[in-house]
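Here come two complexes built around chain A, the first alongside chain B, the second alongside chain C.
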Partner chain A sequence: MLLAHSVILSSAATVPSTFAGVADALTVLVLLSEFAMLHAQLSRSQIRLYAFQSLVVTALAVYVAAERHIPGLYAIAGITLVLKVVVIPAIVLTLLRDARVELVASHRLGVATMVLIAIAVSVFGIFTAGSITVQSRSLPSGALGLAIAAVLVSFLLIVLRSDVVSQAVGFFSLENAVSLTSLVVAAGLPLIVEVAFFFDLLVAVVVFGVLMRVHHSHHDTLSTRQLDRLRG
Partner chain B sequence: MAQGVVGQGVMLTPVEIQVLQDLTIVVLAPLVSGAIAHVEARWQGRRGPRILQPYYDLAKWFRKETLVPEDASWVFVVGPMVAFMCYLIVPLLIPVLTTYPLPLGYMGDILAGGFVLALGGFAVAAAAAETDAPYAQLGSSRAMTFGALIEPTILFITFVVALVTSTDLPYFEAAAARASVAQIVRPAHILAVVAFFLVVLNDTGRIPVETHAGTLELGMIDEARTLEHSGPLLALLTWGSAMKQLILYVLLVNVFAAPWGLASTRSAGAVGLAILALLGKALGVGVLFTVIDNSFSKLRLFKITEFMAAAFLLAVLAVLVLFVGGS
Partner chain C sequence: MGWDLVVILVVPGVVGVACWWLPPRVGRPLSIASGLLTFVLALLLVPARTPSALHGWLRADSLSVVFVVAVGFLYLATMVFAVGYLHPSGGPTHQARYLRRAFAGLNVFCWAMAVAPLVSSLALLWVAIEITTVVSALLVAIDDTDGATEAAWKYVLIASMGLGISLLATIVVYYAGAVTIGHDYDLFYPTLLAAASRFPPQVVRLAFVLAVLGFGTKVGLVPVHTWLPDAHSEAPTPVSALLSGALLAVSFYAVLRYFQVAVRTLGPTFPRDVLLAFGLASLGLAALYLASQRDLKRLLAYSSIEHMGILAIGMSFAAPIAVVGVLLQVLAHAAAKGTAFFGAGSVVRKYGTKDMRHIRGGIGALPWSGPMLVLAVLALSGMPPFGIFRSEFLIVEGGLSDPHDAVVAVLVVLVVLAFLGLSWFSTKTMQTPTPKSVVRGETSKWIVGSMVIGVVALTVLGVHPPGQLSDLLTRAAAELRAPR
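And now, the complex of A and B:
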């Protein structure tokens, strides 16, 4: 019994702080929603998952801002909330509604296989980041590995799904993961740089919107499988 | 029986508490099953069976004769008994009523508990495979296949317990979760809890994997294994699967999700309260499972691997975040 208690106490001593725990849990949620996008059958649910992921990023930014007293992050959280949770998903959903495509069979591999590949890629990302020592005043360093894993899985989403919506959502969520990484590495990043990121994102939305429209009007589908054939 | 009256009332000996642990599982398991079936029926707008119906069923089956298929050997008869024995052994290893380990609590760790549970599953499957009936054999082969597929998830959850507590004894995991809030919000813990929740969904034959009370043989996994048994053997199998369900619920709540409300002393009052708390928590989990049962549809058989992949993903992530961030 005495031994039991000493073991418990020693393990309790290595428990990270509540702040690190909550921040890491939110980061894991971002990564998990990335996996969910990889799995999602309906394009609509992919976009909703993107909105959810952005909401988690917003929550994380607010939490870090409150706990670490970085007021600039509130502004970023506000912009994220308006832009990435509401405006962008609304635009893409409208485009999707106009295209009248519900379901695109775009899994290049079986879902379980894709998830296993994505797990392998995340392991690579997490351990690569683990070998870098980053002292961050905003987030625990474990979050860096998870953010990089999310970046890699969003690449996989673009590679392994062959429809325009997946590729757009993959790109947008890539931006989410990158801004998460910037939260970890440099939360004090000047607001102006962050705002420049958002303008990049807006440009990307316009480009992907045009791509979706043009692709759909030319091929009558959102799948990109036919693009490897010449059309006369 | 009681050791003496000391201070706050009757104290029980550790051996008595150990026996009580087993009795709790044996006696309450049909009640929990019955309550779940009742609540599930209410959710679906039916009146449903009485809460005590499983006890009446068991009593009826024990009074009937045993029919054995012509070609079946002794395995058909022994299988259900071995399974029942296995489900009697597991409660000795896990924190059912107390926060402190009882004499036999260190007899085996989480892996040993898992192995004994798996041995029970194997005995049932072997008994089912003894018959010539196609559906019983189909059930036993499927149960073994999906059991093997969910195994990596269970292993990774064990790794999480080992990394968090430096042991793999269930009592320590529960104690670690009770120790601090930081321990509960850490992502590794949350992920492991959710992964184990999915494992329990799979192992109790609940909706995304299997219809619990269906009669459609083609979609059956666990349920199909008992189709050929009758009389006392069927009673043992049904009682055993109810016990397995309660054991898994106990593991879920008392080791991972909510290890509160356990007795920390040996007084009879505290142990009695712990029994009531256990019943309450098990019913809570059961109601949660009926909500899932009624809000999702069953996965196609070949889509079950996706469910397994999701559970595996959560368990692997739990280990990964422990390795990297120490969180």
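And now, the complex of A and C:
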């Protein structure tokens, strides 16, 4: 009873602003879609989840732009929408259609184990970031920790799934999580720098696409399990 | 003012794009000319001045110049080597289309590496290093063998994860700056370093560790080095030389930029301890793996990890002379590793294999490149009179001058272990009788020429580095020190 009382008191002491609330909610959505990608069976649904995740990031960019009066961010939101919600998923889906692969059995562990590990990793990320964050008006309470959790789960996606699509989508969503951090923490980042980041991402996606195609043409599968020749 | 920086920003990139369309007989001399131009411009930057261009977006302080010189040198030497190595006589795959792509890729790769030290903002530095990743990943895959495909996939995936982490580091540093300076700034080094002493320490600590881990992936620091031996051994040899001699160094440059910020905010202890931990792990693991390699190019790759470990350990010593040693090592390693890979390319061309169990009598079979390969390998293991002997000597001297005796002892033991691994290779494969089946003679004059360039540079750095170069290294070391 006493405990509940003190919790209510302490939460009343730091009422989150609307901005922090919306930012935290959208960040949680990004983290959840990361979890969904981790256990999705079909490569196609992973890509759709990635498109959804990008849409959430776009929404957050628009919201931050409106709330903080940073017009440059509308441009960023526009580019995110075009590139990450439409173009990149379309490229990877085309690739999949050409590869004529529906389902790649790529789970290294059972779904339940993977999700448990992902939860443990997220908790680690949230608490680590929480312990080192300095208090600041511009930083919503939990967003940095949640974004770092999303980064860590995207690593799991790369590590625990053994097919090229999961691993590429893992990298793309890693980049989403980092963009999210930049929106929350560094919204004023100069436009030219943001545009350079996007350009780089696009080039990286093209390279991933080329290498996925090359991989498929050599091994006739999207699985990465035969990639074990080079060692030592 | 600063036109030379703009030329470096423009010319190699344009030459790279042009090589995509031009026939190889035009692309080859054009590439060499571009390499020569870049190297000469880099040398002209050596005297003390800090040019900047394009409203401060390009800027070359002494630290930048050290790395531009290393890249410029290897750009030139590699292009000379590539003319001999990437030649229709090199095999059925080396046809016009392949050669056009290879030269285009090599030029763009060198362009990105030369520009990375010249951009004046942490954010653009990240962008440039990401470009080096994507271009070099395609170059690793260019041979289109199973091994190359596997190595390229591992490389692009692991390096991209590392760069994701370092992008996070960039953003965290921006946040640290925004708290202090205000939101409207461009992450330019002068602004950043002037304000760094007022940054929130916890945030900078996070950023520094993220940066070492993230960029360290591309430096090849253990335990995030796993892509490196695969990519170095499966890539075409000119690409291996650039990866090892230039790319690792440029990534280390990025770590040093974060080191500059961290030293100002946190004081020297924490950043040095982080680098010491990664450095010891890298040197230790590489020294052990060097002894058990059978693949010639993998052997050289592990030697790169060893040297990157030595660089990190050198940065952890407080004495300025150790930092001078580290920067000299960057230059000497570029020359030595370039030469060694060129030699390896010559051997692979001659024997048709990278497997050291099938390579015998290298010195007899290759009258020029054989002995020079042995010299390069001796230089890599720290023998006088070459540059790496001098730089490692400076590092050890710096370590002994402040109380770091235990670390220095470990350093020396591990370097000796690495020396044994490397010299075992050279005795076994090079200094044995040549089998009768192997025809004596060089495969290409260009390959020999590129190795001569490297050996000359190594000797100059070891016997008597030019005065202006020594001044440059001293100034750059001073830039890396924490202001009192």
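What we mean here is this: the second predicted complex is superposed on the first by the 206 of 232 C-alpha atoms of A that agree within 3 Å, B and C clash if a C-alpha of one lies under 4 Å from a C-alpha of the other, contacts with A are read in each partner's own complex, and residues count from 1 in each chain.
Note that in this section contacts are C-beta pairs under 8 Å (C-beta built on N, C-alpha and C of every residue); 3 or more make two chains touch, one makes a residue touch a chain.
Because the structure is a prediction, the values reported are computed rather than measured.
Within the superposed three-chain model, A:His69 lies out of touch with both chain B and chain C [touch as defined at top]. When the two complexes are overlaid on their common chain A, residue A:Val210 makes contact with chain C while staying clear of chain B. In the superposed model, A:Arg100 lies in contact with neither chain B nor chain C. Of the two partner chains placed around the shared chain by superposition, chain C is the only one that A:Ile158 touches, whereas chain B remains out of contact. Looking at the shared chain after the overlay, A:Gln167 reaches chain C, while chain B stays out of its contact range.
Once the two complexes are laid over each other on the shared chain, residue contacts for A:Gly130 go to chain B alone; chain C is not touched. Of the two partner chains, chain C is the only one touched by A:Ser182; chain B is not.
By the document's definition of touching, of the two partners only chain C reaches A:Asp200; chain B does not.
Residues of chain B touching chain A in their complex: 100-101, 164-167, 171-172, 175-176, 179-183, 185-187, 190-191, 305-306, 308-310, 312-314, 316-317, 320-321, 323-327. The touching residues of chain C, when paired with chain A in their complex, are 121, 123-124, 127, 130-131, 133-134, 137-138, 141, 144, 146-147, 149-154, 156-157, 160-161, 164-165, 167-168, 171-172, 174-175, 178-179, 183-184, 186-187, 200, 202-203, 205-206, 229-230, 233-234, 289, 292-293, 298. By the touch criterion stated above, chain A contacts chain B in their complex at residues 1, 4, 7-8, 10-12, 14-18, 20-22, 24-25, 27-28, 31-32, 35, 39, 110-112, 115-116, 118-119, 122-123, 126-127, 129-130, 140-143, 145-146.
Interface of chain A with chain C (complex): residues 132-134, 136, 138-139, 148, 151, 154-155, 158, 164, 167, 171, 174-175, 178, 181-182, 185-190, 193, 196-197, 199-200, 203-204, 206-208, 210-211, 214-215, 218-219, 224, 227, 229-230, 232.
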